[in-house]
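Structures are listed in the sections that come next.
Consider the two complexes below, in which chain A is the common component and chain B and chain C are the respective partners.
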Partner chain A sequence: MSLLVARGLTLEAEVEGDIVPVFRGLNFALEPGRVLGLVGESGAGKSMVGRTIAQLLPPGFRVSHGTMEFDGADLVAMAPEHRRSLLGREIAFIPQEPLTALNPVLSIGAQLDEHHRRLGVRGRRTLREYALAALAAVHLPDPAGLLSRYPHQLSGGQCQRVLIAMAFAGHPRLVIADEATTALDVTTQAHIIALMRELQRASNTAVLFITHDLRLAAGVCDDVAVMYAGDIVEIGPAAQVLGASRHPYTRCLQLANPPMLGTRRALYALPEQMPGLRALARLNGCRFAPRCPVKADYCLRIDPPLEGDLHRSACLRPGLVETIEVADQLAPPPWRPAGETPVLALDHVSKTFTTGTWPRAVEVAAVRGVSLRIAPGEFVAVVGESGSGKSTLGRLVVGLEQPSAGRIALAGTDVTAGDEAARLHRVATVQMVFQDPQSALNPRRRVASIITQALEAEGAKFAVREKRVRALLAEMGMPLELGVRMPGQLSGGQRQRVNIARALCSVPRLLVADEIVSGLDVSVQAQLLLLLHRLRQDHDFALLFISHDLSVVRHLCDRVLVMHGGEIVEEGPTETVFGWPRHEYTRTLLAAVPR
Partner chain B sequence: MILAVVRRLATVVPILLVVSLLLFTALRVLPIDPAAMSMPPTATKDEIEIARQQMGLDRPLPEQYAIWLAQVVTGDLGRSTHLRRPVAGLLAEALPATIELTALAMLIAGSLGLAGGLMLFALRGDAVEAIAETGTTLMMSIPEFLWALLFILVFGVLLEALPFTGRLGPGLARPMVTGFLLLDTLLVRDLAAFLSAAQHMILPAIALGIAFAPPIMRVLRSSLIDVYHEDYIRQARLRGLSETRVLLGHALRNAALPTLTLMGVQFGFLFGGSLLVEVIYSYPGMGNLMVDAVRNADLPIIQAVGLTYCVVVLLINSLVDGLYLVLNPRLRPR
Partner chain C sequence: MIRLLRRYFYPSWIRSGRVVIGLLIVLAVLAAAILAPVLAPHDPAEQDLMLTFQPMRLGSPFPLGTDGLGRCVLSRLLHGASLALKVAFIAAIGAMLLGAALAYAAGYLGGWVDWTIGRAVDVWMSFPPVVLSLILMVGLGTGASNVILAIILVDWTRFCRVLRSEVLVVTRRDHVAAARLLGFTHWRTLLLEVVPATIPLLITLLALEMGIAVVVEAILSFVGLGVKPDQVAWGQMIADGREAIYQAPANLLAPVAAIFVTVAGFNLLGDGLRRTLDVRLVEGRG
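For the complex of A and B:
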């Protein structure tokens, strides 16, 4: 018998007085001991499935029809007290952000004890034994020492292990992992996944694995359900769904994902983005149809049923899915003459930070003796895990930090001194695009004013700025009327484009981009990568691309630097470094990437 | 940890020096002659001049300050010019009384604030919320001296339920052990005196504390709302904890942090606000001592009381910082 079954689950949301159908009769089943992946981009409704199970829905949301049965009992209709008694015991959740999912003011021991007490463990000594055993089960070193520590003293991976220990403490029959490894480094992710599989197999637990990462899902899950705008569009054994997809959305997602193996092919950039909650009310028929490359008129009217035996998909034209293709070669980078002055030259640059206060002050080296050259027009990536010093390197280049030692030259001019002349030269030569587009844009300024801030500082006339805004917006592929909007009215992808446009406004020779696509969905990421490729053909700028995502780096950059512990441990052409890694750390990094 | 405390105390010293300097110069600038004030009205000009020399008032100001400071550090706060008693002794009687009163007032404000904050949080989004909001605004807008007069009128005069002058009922002996009346009466096991002392403190303490409760309520309410958006609250619910357990075990302690900061600031104001309330209730504390001293231009008392206020406020701040370290492990040195 299936452990978890959704039957015709219909979820409605009240938005500004209207009732919007979010789920239109969701059906899926999860067998004991199996792993079902829920994949799709943000806004697809993946997390909402988990929240329906716990019935912790956002205000205004309610299940109007259908059931979500756990072991034969409907979680929706059951008494809240009954459902609560299942949570933590039979049904456990592993959260997305391990660092914030533990209470910051309680020690790890206190939080484990609280959970064990709820599971019926009594007595101080017994509680301690249980806590130690739980921490040992997730392979955390020094469990006794950890009990008295606080969440902020642990790394993200360690916190996630503690949360996994709590989740599996009651030997639950169902575990819901909602983007459980998204916030972690790639090597940590590999360890956490291995740990979850180990515990899951040991106690024959069923896992609902929610992720946006198709490659990860392919490696982890037995079955996969692809979600789009609240619908399951394709479901079946992972190998079949992701290997021979029968729905255009699954196919487009896969083509939007830069591959880690094989040739560097072009990416498929789906136009627009996932419809928001309000838009769902107006969507009839297939919800994917407005963005679908193989749609017909009737797709917009007829709601396709999930059809098939083991591998089911909801598409009226499944035969056309394979016709969706991309160019299997990337356009080569524009030709450059050899021997140009490097646009960026670092010579033995180091940066040390002092933490703590006297007499316990400790010097921490974030960057140690880094030397590198970037030629005009060259796209160079810096990869490494959090704490490797790659962001500090970026900040040193744009002058947000002063080097402790070494020399920095931009386009042949030494700017190490950091005086007014160096600052002016720097501003004219290098621009930075930040990771979080939300906080990088002033929320009180209009898009047009943000984009031309650099001209504003020069005292350019309104007409000049207006012309530049038009040109830049057109180049970013954004409608002109966006210029009068506020950043809060834009989507994540649009905000990041505004960010790039702002950086390009003053025609920099070097762009420093720190994790600029990491918070974005695959299809939006593909749009941005495409945009960067195109801008490269038309503009003369080099790129220092800081990223933890090796597949994106492989797709975009000609040369890669691998950073570890503040040092560059390996560098070379991307294909060479990724194909034949020489340094131990590069190999570990590459081995951890799901393929 | 010890290092942090030492570092903290080291910052207090310059503040105290600056305050003492301000107090000293401000009072010397006043056109008051302490020498003349300390002599009987029949004294001649020569006699006053001799007294002035004896008191050291003919020396240059910096020297006078140095002498005064040296005496203060050794605990000699001088003699009151109109009460003709050592100031240290006067302070020893008045300070515990005021500390008792303000601590009780803060306790009342804190309890009301906690209960009200939880109530406002529970009512959020409810129609009753507006009424509760109006109520707390009213509580906050009435100054403490008006509350004091209202309470005397209602509970003292109309209902005759509670006493409203002094510290003890007639015929009761005042035990002297620590100087804190509630504590002393308990220590000598004089229950009648303890009850009388408690009754005498209720009205002034409530009058003093009541206006401080609404800000605590509001800060607690909004911090609770913030905290409830945090991941760890959702995760606690997903572990199946009851709402009560989520509130008391997880949310409240996090929401208490901003509230504690506010209460630390409030305590300083409360200590200052005790002045008017003490006068209204003829309560023999620092406020009455100060008002009396100002009326009689008794410089040594004014100086001592001013300095004491400063020390108390700084101590409270340090205490709040210490509490903060206990409640918030993120601030502890690694």
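For the complex of A and C:
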């Protein structure tokens, strides 16, 4: 008998007085001891499934039909007291942000005790034993010492282990992990996933694993349900759904994901983006149809049922899914003559930060003796985990930080001094694309004004700027009307395009891009990568691409530098480094990437 | 989805009841102050020793009665409004200019500039504000312009401290760094990328400061260290009316009510503006 069953679950939301159907009769079942992955891009409604189970729906959302049954009892209709007695005991949650999920003013021990008391454990000595056992079960070193520590003294991975310990403490029958590893580094993610699998197998728990990462889902889950705009479009055994997709959306997502193995193929860039809540009201028929490459007219009218036996998909034309293809080979990078002056040259550059105040000031080295060369037109990646110094390296190059030691030269001119002359040379040669467009775009400027800020600094006339706006928007593949919008009115992908357009406005010879595709959906990421490839063919700029995502790096860059502890531990052509890693750390990093 | 909901729920400042009520009160007081020569039934300084402590009676020549020297309370109240508002507007704007200039310098430049200004504010704020303004008034002498100066010298710290932390947050945003990388001068970056983001906070602080200035002016006038004795001030009226609380309570209650309503108006306006203009309260970051 299934542990968790959704039967015709219909969720409605009230948006500006209109009732919008979010889920139109959701059906799925989760057997005890199995892992069901819910995958899809942001806005697909994955998290709403978890929220429906806990009945923690945002205001305006309500279940109008159908049931969500846990062990035969409907969680929606159940009395709140009954549901509360199940949550945390029979049903446990592992949250996305481990640092914010723990109470910062209580020690780890106090929080474990509180949780155990709720589970019915009594007595100080027994509580301590339980707490130690829980920490030992998640392989945390020195459990006794950890009890008196506070969340901010632990790393993100350690906090997530504590939360996993709490989740499995009551021997739950169902665990809901909502993007449980998204905020963690890739090597930490691999450990956390292994730990969850181990605990899940040991206690035969069922897990609802919510993630946006298809590759991760393929490795972790027994079954996978792909969601799009509130509909489950494909569900079945993971190997079949992700290996032999029967729905065009699943197929497109997989083709949009840059592969870690095999040839560096082109990516499939789905046009536009997932419809928002408001747009769902006007969507009849198949919700994916407006973006579908193999749609027919009738797809827009008929709502396809989920069909099949074990592996079910909701598509009226499943036979055409195989025909969605991308080019096997990437276009080669433009040819460059050898022996040009490097556009960027770093010689033994170091940067130390001082934290704390005298007399307790501590010097922390973020970058240690880094030397590198970037030739004109070359795409170079810097990879490493958080804290490896890769972002500081980028900031040193553009001059937001000044080096403590070493020499920086841009296009043959020494800019180490960081004086006014160096600044003006930098303005003319290097630009930066920042990670978070929310912070990088002035919310009070219009798009047109943002992307021509470089001209504004030169004091260009309005007509000149207007012409450049037209050219830049066309190049970024954005309609001209967007020029009058504010950044707050744009989607995430559009904002990142504006971000790139602003940096390209002054035609720099080197572009420093810090994590510009992380945090974006796979289909939007593919659009941006495609854009960068195209810009490379049309323009003559080199790229220093700072990223933690190895598959994106493999897709985009010619050469890769691996950073660890502020040093470059390995460098070489991307294919060579990823295919035959020599340094221990590079091997660890590569082994941790789900494939 | 929540972000989408938020985007559709786009509040305009006018929708806030607080702002509307506060603005109406302030405008009413402002109208009273400007139209005082027309509205007032008598000259506020005109004495009639035969008609002292007249009671409140609507329809009589003295609707709010008269004081111990036979002066019309209503006329004095209306004329007092012009002084109160003059002090409120000029002192608040003056304090804002001084405090904001230092706050932008401290928050944007950081380093030793920030440290120096921060310590100056610390020292300044360690004096009790009322005592500091009394000492200043004793040194400067009475008069409306000296009251304004005293308020500016005491209250600039309020702007400086609050605004500095906001400037610090905005300066750390990437679009400010991007503007520098694109070749903006420091001055241009500050003016176009940092200042606009802090304007809502500045407006809010300004409205709240105006209410505070009204109170400080009343305190100084009350103890006789405010304006010159021949000028009408609410604080002075309270000081005078105190002695006749049993014969003619309106002498005391009318200026108290006037101060209460005016300050409430400014505070409602300030609070309403804070709630509607403050990006953090409206949008959050989600």
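In this text, the second predicted complex is superposed on the first by the 595 of 595 C-alpha atoms of A that agree within 3 Å, B and C clash if a C-alpha of one lies under 4 Å from a C-alpha of the other, contacts with A are read in each partner's own complex, and residues count from 1 in each chain.
Definition applied: contacts are C-beta pairs under 8 Å (C-beta built on N, C-alpha and C of every residue); 3 or more make two chains touch, one makes a residue touch a chain.
No experiment lies behind these values; they were computed from the predicted model shown.
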item: When chain B and chain C are modelled together on chain A, clash or fit; value: fit
item: First (chain B), second (chain C), both or neither touched by A:Ser107; value: first
item: Superposed model, angle subtended at chain A by chain C and chain B (C-alpha, nearest 10 degrees); value: 30
item: Partner chain in contact with A:Glu458 - chain B first, chain C second, else both or neither; value: second
item: Winner by number of chain A residues touched, once chain B and chain C are compared; value: C
item: Partner chain(s) touched by A:Arg89 [first = chain B, second = chain C, both, neither]; value: first
item: Contacts of A:Met166 with chain B and chain C, given as first, second, both or neither; value: first
item: First, second, both or neither for A:Leu441, with chain B first and chain C second; value: second
item: Chain B versus chain C as contact partner of A:Arg360, first or second or both or neither; value: first
item: Touched partner set for A:Asp414, first chain B, second chain C, both or neither; value: neither
item: First (chain B), second (chain C), both or neither touched by A:Asp540; value: neither
item: First, second, both or neither for A:His115, with chain B first and chain C second; value: first
item: Minimum Cα separation, chain C to chain B, after superposition on A (Å); value: 5
item: Chain B and chain C contact sites that coincide on chain A, given as residue numbers; value: none
item: Chain C partner contacts - residues on chain A that touch it in the complex; value: 13, 15-16, 43, 48, 58, 60, 276-278, 398-400, 424, 426-427, 430-432, 434-436, 438-444, 453-454, 456-458, 488-489, 502-503, 505-506
item: Residue ranges of chain B in contact with chain A within the complex; value: 3, 7, 230-232, 234-242, 249-250, 253-254, 257, 327-330, 333-334
item: Interfacial residue positions of chain C with respect to chain A in the complex; value: 1-2, 4-5, 7-8, 173-175, 177-184, 188, 193, 196-197, 279, 283, 285
item: Residues of chain A touching chain B in the complex; value: 54, 56, 84-89, 92-93, 95-97, 100-107, 114-115, 118, 150, 152-153, 163, 166, 356-357, 360
